[in-house]
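For clarity, chains are labelled A, B, C and D in written order, and residue numbers in each chain start from 1.
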């Protein structure tokens, strides 16, 4: 894919996330990586969704050096570290969407309470731990990625392509910008379902493993 | 009605369910049966609502054999079994709509808390039990219909034209695709009312039988 | 005002109530009375909001006899009795709007928790009692009005121009159809505020009388 | 800036607040001050958002004397007192927006539960105390400003540019009408997040100071 096409796709995915109501004001961003060329394209900082164009998408190398377009979103180092830690993903969407962020702010894993969840995520969407004061005061954005990667140690990041970051918001990922946005949309819907479910019964138990597997593998081919 | 008309109606009902916000992404479907011709028309799998046309509606025989149009939704066997078990219905709508699904995920019957409910459903909208591991691992979609039919043993499926499926979502039905969609819309509204009611008073009691009957029979002719 | 103008106004008020989301499907209606001519105009039964025109508004005399237009809404006798009991009102709006109906279903008065409420209603919006089985089986719609009138004994129906009916929904009134709709909109907003307030603190106390009076009389001239 | 430009900006900010759903009916208003000219421009009373134009914005001097345009909103004295007490602000937005007002009605400070909050407000958004009966019966609108100013004694009103007023609603401010509206939008979003968070865990603790500082100072230059 040409750089121009990638910029167009990242632009469209950012707009789609906004259009779907997962981004209020300017709180969120989508990026994509071209691992062969060694570049990442990400939403620019301080440009409104109305003013944004494919050409002002920020292009950086994998060390974060600006190559062209606008100034990258301040979350840029988080995205770069996630691409390093998750070698099989091509795009990332970050949101402060209402229901997913409520789970993040409450510091709770989003448990699978039904087949809607199981169609999207193989198990709970985990909530990564809060950063220590040291991590906060250091390379904050990089460390945000590191607590995410730490949380996925021993977990399959392709089977559960999203995470909650305690006190913060959500990250979702996929092979393409379109897919990362779709996962973010599913995460928000599943989180809203879960809140309503917990309102009806705060002691609702997660669904059992066989149902989770049945639905997950109906949508996703089993890897063997 | 010609097959072409039936496909058009099923198409329009699927779009209406989407337009009303009861389907997010691709999570839901409407079907209709022509019992004389021995065919069912159902939403195709893997086609977005934007790309859908009357012509790609999936047409199958009552054993599920594809006759024309797109590949049928994976829920197709559930629909077929429900048509077998409920001989007087002509159409089915399946959703993961937010409030109805919250009840399903909480595993609770949707009790009648007011006349809005009683205008639509004669008594609670029951929540069918979760499937056993054996049922899950076997013919899952057929077994989903079987727990629904089991739940309606001794109940009038025409007086209460909807069900919740534990950990899953909702099914609604009627004589036509338009009516099945309308029942799904009413179910979602009544579920939202019920959640708000339970937030205000978790111990709210269902309305009593005389009020239920008064309203139900004002809208529906009493069968004698 | 000519009958034609009144029909136009009742038509517009019904459409406005629908447009504002207080009526789902066909659940609600607005009426207006011309006391001099001895007629009431009310939304017709069984006509969708899309198909409705000023000309199919139902016109009845004050005994409920149909004079022209469509068949009147089944709630017609409730409206007529309220006009008899509340001699100074000119129009009534009935809804099953989500938040007001949640209070009605929970059987709770809507207490004044803030100045938004006090700007509209002088004290709580009361919840009329449930009907007895005898009242239900008798002239149900008339009796619905009677429990409302009973609830307002000794209360000023102009200072609190709305009521909740237990297990049912809301009635709002005013001097004109526009005003009755506006009161219904305010009631729904105040009910939504109250639910959120009670979620944050279930023991929230109603505001005190001096604040209620300060706001109410800022908007409404004090009668002396 | 010319008076004409200021009127245009205040008009646009009022419309934006309405368009974003923070004002229902006519419940809210935006003002701006020109401290050099000694005038304030504020939304007029009793004019619908549809009928409003830049020319009917109310222009008053800093004692509240009407200079041109419509009759000023009844909240005018609150705005004037806030401008006196907060010498570095240029505009104020007042709303009864749903989620912020729920906190005000519950009489609770809006605590910082996440980085979304910390990006906007340096610490909690405080809830000013209820007015005494004496304050209510006296110069109510002025006294509303006085309890706000009292609440900010020893606090930085530029670092936390919003307040909740017990039993009432919210005020937000900034250097310009656009910014005051943006702060009101952020306040409402953060309040909605907080309610959902407290539904999930009523004992959620505010975030710790280092995270608050990290995010706040990422968006706002540290003053030294």
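By definition in this document, a residue touches a chain if its C-beta (ideal position, glycine included) is under 8 Å from a C-beta of that chain, and two chains touch if they have at least 3 such contacts.
Given the structure is predicted, the values throughout are model-derived calculations rather than measurements.
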item: Partner chains shared by subunit A and subunit D (touch criterion as defined above); value: none
item: Maximum centroid distance from subunit A, chain identifier (CA atoms); value: C
item: Same or different contact residues where subunit C meets its copy subunit B, judged by the half mark; value: different
item: Distance from subunit D to subunit B - Cα centre to Cα centre, in angstrom; value: 46
item: Whole-Å separation of chain centres (CA-atom averages), subunit C against subunit D; value: 33
item: Set of subunit A residues in contact with two or more other chains; value: 199
item: Topology of the chain contact graph, where touching chains are joined (line, ring, star, complete, other); value: ring
item: Interchain contacts (touch definition) - all pairs; value: A-B, A-D, B-C, C-D
item: Complex interface listing, subunit D residues touching subunit A; value: 113-116, 119, 182, 185-186, 189, 192-194, 196-197, 199-201, 204, 207-208, 210-211, 214, 218
item: Contact footprint of subunit B on subunit C as seen in their complex; value: 24-25, 27, 74, 96, 98-99, 101-108, 130-131, 133, 136-137, 140, 167-169, 195, 198-199
